[in-house]
Amino acid sequence: MNTLLDDLHQMWRIRLLEEKVRELRASNDIVGSVHLSIGQEAGPVGACSVLGENDALFATYRGHNWAVARGVPVEGILAELLGRATGVNGGRGGSAYFSDFAHGFHGENSIVGAGAPLAVGAALAGKYDGTNRVALTVFGDGAMNQGAVHESMNFAAALDLPVIFVCENNSWSELTPIDEMVRNPILAERARAYGILGERIDGNDPSVVRDRVGDAIEAAREGGGPALLELMTQRLVGHYIGDPEQYRRPGELEAAREVEPIAAATRKLREQGTSQARIDEAESNARSEVEDAATAALQAPLADVSTVKEHLYA
Amino acid sequence: MNTLLDDLHQMWRIRLLEEKVRELRASNDIVGSVHLSIGQEAGPVGACSVLGENDALFATYRGHNWAVARGVPVEGILAELLGRATGVNGGRGGSAYFSDFAHGFHGENSIVGAGAPLAVGAALAGKYDGTNRVALTVFGDGAMNQGAVHESMNFAAALDLPVIFVCENNSWSELTPIDEMVRNPILAERARAYGILGERIDGNDPSVVRDRVGDAIEAAREGGGPALLELMTQRLVGHYIGDPEQYRRPGELEAAREVEPIAAATRKLREQGTSQARIDEAESNARSEVEDAATAALQAPLADVSTVKEHLYA
Amino acid sequence: MRKLSYAEAVNAALRRCLDEIPETLLYGEDVGVPGGVHGVSKGLHKAFGDRVFDTPISESAILGSAVGAAMFGRRPIVEIMWSDFFLVALDQVVNQAANVRYVSNGTVKAPLTIRTQQGNSPGACAQHSQNLEAFFLHTPGIRVCMPSTPQDAYDLTLAAVHCDDPTIVIENRTLYHGAKAEVVTDGEVQPIGGLRKRRDGDAVTVVTWGAISRRVEEAAENAEVLETVWLNPFPWDEVIASVRRTGRLAVVHEANRTGGFGAEVVARVVEAGVRLAAPPVRIAVPDMRLPAAPVLANALIPDVRSIAAAISDLAARG
Amino acid sequence: MRKLSYAEAVNAALRRCLDEIPETLLYGEDVGVPGGVHGVSKGLHKAFGDRVFDTPISESAILGSAVGAAMFGRRPIVEIMWSDFFLVALDQVVNQAANVRYVSNGTVKAPLTIRTQQGNSPGACAQHSQNLEAFFLHTPGIRVCMPSTPQDAYDLTLAAVHCDDPTIVIENRTLYHGAKAEVVTDGEVQPIGGLRKRRDGDAVTVVTWGAISRRVEEAAENAEVLETVWLNPFPWDEVIASVRRTGRLAVVHEANRTGGFGAEVVARVVEAGVRLAAPPVRIAVPDMRLPAAPVLANALIPDVRSIAAAISDLAARG
């Protein structure tokens, strides 16, 4: 089998889900602010392919890509965003704060950096429950300046906990460029402060991510402690749906479209001589999956108001 | 004049103030928890000698040494600890949270790491008020793992603010050794993460501290931005008065007494041929200052209860 | 007079402060060049240069630096994008800003202004929907106001920046881009404090604050609606006097009921010995986390109908 | 039966939990090898090895890791040395722990226990003297208790660790090393909730919690003193029934008055339509920062005499 072709299919599943979400937001079937991951498909596809069943995954509000790559059903995600009873959290989480433990997705988080301490805890639990669990937490470049992320990296390092800190560097924190908010733009170098492995890698190539994250996971599982991986990538769309993106730099998006994961993978496959038919199939299969999921999600009943007060306490 | 001899005198002023505080705590004239700086006299003496009048200084609960070195009258400090009306804050701050703006001491802080953001603000103000102020904030080794300190270093770096981050590494955070709470024991190396100058220096030699802090201040004042200086030192007494210190490592205190600032300076002066009389004088002058201050402070009236509700709001 | 939206009114007030008070600074995440994620500070960086700037995503550093700068003579105006985000840095408000004046025995002050916005909006998750005014109102040393109209957004922002105490202005994103209204922008700077009587009536006194005030104003038949735009200082005398007259009290807030500031309002009124014709009523969100799905959130947040029903029910009782 | 101090009672409860519940972990700053800065966890690292450990000074990581570990089947017991220190990391309690069960629609739980201690002690500064229970009691999803006797310290700690919700146990350092008392350490684990009737009387109902309860018990002549050791869940029915009988209500807490939980108690009682012979009274610290000098702090914190005076005054009124 062809890994890159599979990766392309996985990336199309994310891309097309997000396109569908954008469509449903435009029609107001989905309401509220939505953060798309278009352009950031390679990281989750590469990383989740080396995460084990017992491993933990904590993402952010920009987490649809990680949820899909981790195996959360597209229909459950769409239903969640649509506020349906069949959503992964029955509509309680929404676009920016859903989770699906049954599928190994331990949650988005709408507080910047707040997923990191939770991941540390998941790894800590693994020290005692015999799972030898590795916890992966993903956050953005801007989150590197949040106190909780700093505390988590040092805490995991001091306790030799198997936590993989994945920083998706898409060069923007909302509307502000990361290179103006730090002096040392190579965020991976912060790993040295904590005495842990730090690497900046190509976040647009799923195989690179698979290899580097895979090695880090292996080392962590063997007791080597945490690692910080900086995935260089780009957000091809606004920070949120509706973002006028006035902050974009000249030529930025054009250049980004050249290197973005799906364009790159498609080019590579062509170079490798993969037939256009199979390349198209990777997209079309994903498209029908997303279309079917959307149809089903839109037919599902709205979240059940009669249960709105349940489950606050045990 | 002999700088080292002056430094010795300054260090004795701190040492003897602290001895007096310990005495007054034992007699319950001072109540509550008190954190002595015995053994950590060189840092403040060296650093404050190169701080300008308009510069800012933010310390911690272990801040009597910095207050004295900065020029806060010993009587005002003792009166504050004794809860007297003549205390620098009229008794409101106490041992762990007093300040004296009139003498350039902008406050202790009893929240670990919380002085750092305040210092960033003082430096920020200096960008606009024409003072070209440098802000120095001092904290311990353990505080390096607090989120607010991380945020402050990056914030100051990104904005090129003249903040000198002084980490007094006395190897203990309360009852826990710093070398077990971090993987990379050289805390100064964290400076790289922020793209700022970082140096680990001898914190027991006031002249070394004077030189290195002096250079950092100069660079910062010229727009070079912040620096992180790690002062290697030791706490010769408990974390707080009454600390049984069961955590001490074998031989630790014996070794520390060899290198502690006052012993070291005295030895050096002897080697330089300074007469014992002048060396003794450095101590005796300090002793009479502290004794007189204590007598005066003890005679001062208790904090004025009739004003206890004043100054909460403008 | 100019017609301004709520966001434009805040912007106009900030512009005036930056213009008239050289000590002011305006900063926070995306506040400078981008003009704010909600567009509230649009154009101000252009107009005032490096006194208006962006910061890293570091709330402790943002708030703490504002306290420090204020201690050194500046008048920083900083933004916490959502009040939920105070929770990563509350120390700098409660343990730092609130103590500056009192602990220094009145020798130092910290005249900073913290702008934030809070509450639910359709689809917002539990981490972006909270109403946290009760935390600040339990913190001696901090001033708090909550405008819900363009004119108040302008006036309160101005008053807050001129106030010598640390002051939190709690805005609401659902109001930012609503209908424009005529706003007096050249009036005197008002002192902090005071309330707004939104409706006359003698059956019930309804005390409310924040965006939900707009619903209350619409819902409250024959009630005296007092919007307490300033929560600290709180207009106790006026509220108590009103309840003395009507004999009935309802308090409406979007924060969840238990431990909300509505309890304080009820307590003060009864402690004052006001004779009530019927037990007081609090109309608030039940003690839940806020679910994202609008149908669920709407089942928890009082709307015009449920507020009207509760108030007329109170008017009829006793 | 063993005679234990308050600190020893907490220690005994922690030991039993570590012994009987393999999922428990105990950690925090100085909690492991040193046995806690107040000696509460003494001997537990020795007894339970790496299930009891020390951490960096990183409250966000301590609290957040406890939430994460709890989501993955552990029962972490973590310490926040002073409740004032929650303020650097409150996000992990309010935005994270409190949401786990509700937002996951009941599919995930976070059974962590957070031990802390709070309040003033002689000489303590404003940053080490606060009483912050009102913050937690305004946060749906969090359980809160506050023991003031060795037996309750034991029982509540045990109940908290066994509880499946995030639970905060608020201790008090002035009680840790006080007189020893006989403590039943082999009883059944009690469910959360419930109160303690400390005194019988029919003139006044006095509701109180925390260390100040000891003063109230001593001060309250002819009053029914109800110590609400559990604040969430709160025993509303019992409190309201008592006030119905006595017709008079006083609430005493060490937290500052405005926005304190005493307001909630007053509000609930009057909302229930209880007929009062005199207006309710709150006895609390005035809205100030806490000054370090004992003479100043003592001028603000209610003592036995002022509590007794206020209560008998209430008994005489109306």
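List of remarks:
Note that the chains take the letters A, B, C and D in the order they are written out, and that residue 1 is the start of every chain.
Here is the rule we use: contacts are C-beta pairs under 8 Å (C-beta built on N, C-alpha and C of every residue); 3 or more make two chains touch, one makes a residue touch a chain.
Just so you know, these numbers come straight off a predicted model, no measurement behind them.
Relative to the C-alpha centre of chain B, the farthest chain centre belongs to A. Put simply, the C-alpha centre of chain A and that of chain C have 35 angstrom between them. Centres computed as Cα averages put chain A at a distance of 40 Å from chain D.
Chain centres here are Cα averages; for chain C and chain D they lie 30 Å apart. Shown for chain C are the residues in touch with two or more other chains, namely 55-56, 58, 60, 84-85, 87-89, 91, 95, 99, 102-103, 125-127, 140-141, 287-289, 291.
Residues of chain A in contact with two or more other chains: 90, 92-93, 97, 109, 111, 114, 145-148, 151, 154-155, 158, 180-182, 312.
Taken as a graph of touching chains, this assembly is complete, with every chain in contact with every other. The touching residues of chain D, counted against chain B in their complex, run 29-30, 33-34, 37, 54-58, 60, 84-85, 87-89, 121-128, 286-289, 291-296, 299-300.
Chain B meets chain C in the complex at residues 56, 58, 89-90, 92-93, 97, 99, 101-102, 106-107, 109, 111, 114, 116-129, 133, 135, 147-148, 151-152, 154-155, 158-159, 310-314. Partner chain B is touched in their complex by these residues of chain C: 23, 25, 50-51, 53, 55-56, 58-74, 76, 88-89, 91-92, 95-96, 99, 101-109, 140-141, 143, 163-165. The touching residues of chain B, counted against chain A in their complex, run 145-148, 150-151, 154-155, 157-158, 180-184, 189-190, 192-196, 225. Of all residues in chain C, only 60, 84-85, 87-91, 94-95, 98-99, 102-103, 125-127, 130, 134-135, 137-141, 255-256, 258-264, 266-267, 270-273, 276, 279-282, 287-289, 291 touch chain D in the complex they form.
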